[in-house]
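Read from first to last, the chains carry the letters A, B and C; within each, the first residue is number 1.
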Amino acid sequence: MKSSSLKRHRISLFAFCTTIAFFYAPLLVLILFSFNESKTMNWSRFSLRWYADLFMHSRDLWEAFCNSAFIAATSASVSTLLGTLAAIGMYWYNFKFKKYVQVASFLPLIIPEIIIGVSLLIMFGVMGLKLGLFTVFVAHTTFCLPYALLIVSSRLDEFDYAVVEAAYDLGASEIQTLLRVIVPVSMPGIIAAFLVSVTLSLEDFVITFFVAGPGSSTLPLHVYSMIRFGVSPVINALSFVLIVGSVLLAFSTKGLYKYILQK
Amino acid sequence: MRRNYGPAYTFPVAVWITVFFVVPIAVIFLYSFLQKGLYGGVVGHFSLAAYSALANSTLLIVAATTVFQAMAATALTLILAIPAAYYIARSKYKTLFLLLVIIPFWTNFLIRIYAWIAILGNNGFLNEFLIATHIINSPTQFLYNQYAVIVVMVYTYLPFAILPLYSTIEKFDFSLLEAAQDLGATKSQAMVKVLLPAIKSGIITAILFTFIPAFGQYAVPQLVGGRDSFMLGNVIARELTVTRNWPLSSSISVVLTLVTMIGVLVFVKLNGKRETA
Amino acid sequence: MKGSTVTIRNVSRQFGRFSAVSDVSFEIKKGEFFSLLGPSGCGKTTLLRIIAGFEDPSEGDVLLDDSSVLSLPSNKRHVNTVFQSYALFPHLSVYENVAFPLRLKKTKENELDERVRHYLKLVKLDDHIFKMPSQMSGGQKQRVAIARALINEPSVLLLDAKLRQHMLIELDAIHDQIGITFIYVTHDQQEAISVSDRVAVMNEGVIQQVGTPAEIYETPANSFVATFIGETNMLQGNVVAKNNGIATLSTPNCGNILVAASQNVEIGDAVHCAIRPEKIRISKSKPVSDDSQNCIEGKVDETIYTGFLTKFFLTTAFGQQLKVFKQQHGAKEASDAVRYGDTAFAFWNAHDGYIVEARRP
């Protein structure tokens, strides 16, 4: 029985193992060589010099990191706030421009990133905006908004509208209903929208590439410019730090995820 | 009755998405019908030059390359993703395996591309290894070709294909496979005639999640591609920033946008049909 | 503040072309337990939502104590609702759900606590009051919803929920205790009849009859009410004679039938006559007949034993089916008991029949 069930899954087991090896091999190589004394991808001996370099002699990189964190925090906050309001507005009410907003806020999800980047670059030119942190913030908010809207709306799917009517029936004003009932009940969706927006913002390279100006380089942009100069052990070290950082972050927010997934 | 607060709640998003998405796309559309300026920008004369320039043979080759590379990456992704997702869905350690699939993607997208440069590059790990073991004498060029672009795209999109496939396969009633075999189907017949139709919506989602971003790809060919593997996204950027032919950049963008939207619509329709059937 | 009178004046509500409520008028007295009864989709919930303020009527007016409330939004009306889905706030505990209206008004903590506990006690929920709604059973949720709707001390309580039998009895007691107006929406005629002071029967957006449960049961205004409330036999026929308040109907399937007739029924009218099955008696032998007695012979083609009564289905020679309910008097079956397949006689007094609809040709 056991051997036959093993046999049954031979192809899928092979595909799964290949996938996992495919995923991890490059990252393991990176991690290994981040501890390499030599600057080349030829193993000499163990050393932490690239980590020292990363933490002590990479001011530009940390500046870019701070930019990334700042942009992620601000654009995720604004897109979550606006997205939540619009999700609430479009879920329970009908009005003239609703269809328009539905379509216009869905399209960025399917249009290639480069188009969004290019069109924003041209738009900022037309508006006479100087490229910098502000234009990056605007661009990130724009591509996060549709996701925030979608995530909060899907949370509202589980919302019984009678609950809103009940609040109103019991004497709550519009603003009291919003703050005391609608927002607390959709809070898991709002938090999820914020986390997804932060992730998207930190990840983005293509759109930022077009709309960033001098002094507004984000971490991905900085990594890009480093990669263009070829293999650098500092990037190896950075990779490991980022992997460890995101794994730690993911596990420390495990409770948060449980809260988001609750019904 | 409650007042209609919908417009008030939605207004900020309506304004934002109009100013920073709809109008910019409209501007691109407009620019594609104008004449190119001498030093970039546009001149306010109607012109179809940017569209007639699309018929240019090098551009057509780039378009063909784009379609080919996106299709190849999608096909390879599916070939790996369907059995891998099937294995995870039937395994006892679903959560652990899913986590294993997701973890590498908590690193930055560029780091994941860089990992391949560090391995396949001229002074990358593989070349150093092959030289050190005297298999070759001088570095071989593994990067800067179509294969590199396709492999890295597969690497980038594989988890986005595995996750939707997993969630549909997980809902599949596996006893149907046994029922099919009981009725005389071979194992592979059961898979093709019973499993694949049942997970069609997962496959369509996986294709959407792979093909659409691959089709509009810019960064991967820019970093690991060569002359033969440049895609439309790269041409758009080049025409915009290097050649400074904004109308041409715009007309390619318009075509890329329309093709993508039509593609999505077709797939969404296909998916919808299955659900009503 | 005690209960209010509620006046519905020519209220209509259209959704597109569909008319959910058409030209409805009636008055609910102060402190009454009033039911809106009708099949699903009859417009009763729409009417309730208009009273609550969740919908506006297309036409007409709603008055509480003689003043129109249409301009008041639902959060300003002295009306509270127990929702069909209970609509408890999922993020608040039972206690906080009930306290919600008081928190909005920034009621002082000790007064709030006292009132919340009072109303929770009223609905017999003293423990588990700090649990979340998701941890409560359906019946408990219902109690929370009732307490929450009562804590504002509304002058009218709207009940949109399907109430369980024992809850209904308790609610009746609460109603007697606090004396405000209750409006209960239901499709269950049994429930409506058992607790209400008065009932409005609705169908297709139109009020069919308003009256006490007994009026509605004994003197239904039309054949819809007669068939919707309880079980009934409907006979159609033409009035061929009338004397001393007794009309003779000629029916196609039952021969001539005698029925009590009011002044406005005249010879030549086409009428529907309702006879409740429990008012018809059945026996194997032909009963001694008097002047106002109807007697019909038929074949028993089904009997259903339900415990306290037995239902007989009798088909006459002309194909008319009659339902007859007979209560069990003794534990033992009598020797002359009617059985399946028997030929039997169904008989009733002319005064037990009721003409519900008369049409002049």
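Just so we're on the same page, contacts are C-beta pairs under 8 Å (C-beta built on N, C-alpha and C of every residue); 3 or more make two chains touch, one makes a residue touch a chain.
Given the structure is predicted, the values throughout are model-derived calculations rather than measurements.
Distances between chain centres, each the mean of the C-alpha atoms, put B farthest from chain C. The most central chain, judged by the distance from its Cα centroid to the centroid of all protein Cα atoms shown, is A. Centre-to-centre separation between chain A and chain C, using Cα means, comes to 58 Å. For this pair, chain B with chain C, the centres built from the Cα atoms lie 62 Å apart. Distance between chain A and chain B, defined via averaged C-alpha coordinates, is recorded as 17 Å.
Multi-chain contact residues of chain A (touching two or more other chains) are listed as 168. Residue positions of chain B with contacts to 2 or more other chains are 2-3.
Listed for chain C are residues 53-54, 73-74, each touching two or more other chains.
By the touch criterion given at the top, residues 8-9, 11-16, 18-20, 22-27, 29-30, 33, 40-42, 82-83, 85-86, 88-90, 92-98, 100-101, 104-105, 107-108, 110-116, 118-123, 126, 138-139, 141-142, 145, 149, 168, 174, 202-203, 205-206, 209-210, 219-220, 223-224, 227-228, 230-231, 235-236, 238-239, 242-243, 246-247, 250 of chain A touch chain B in their complex.
Chain contact summary for the complex, chain B toward chain A: residues 2-10, 12-14, 16-18, 20-25, 27-28, 31, 79-84, 86-88, 90, 97, 100-101, 103-104, 106-119, 121, 123-125, 127-128, 132, 155, 158-159, 162, 187, 212-213, 215-219, 223, 233, 236-237, 240, 246, 249-250, 253, 256-257, 260-261, 264. In the complex of the two chains, the chain A residues touching chain C come out as 160, 162-163, 165-173, 176, 180-181, 184-185, 187. Across the complex, chain A is touched by residues 52-54, 73-76, 79-81, 83-85, 87-91, 100-101, 103-105, 148-149, 152 of chain C.
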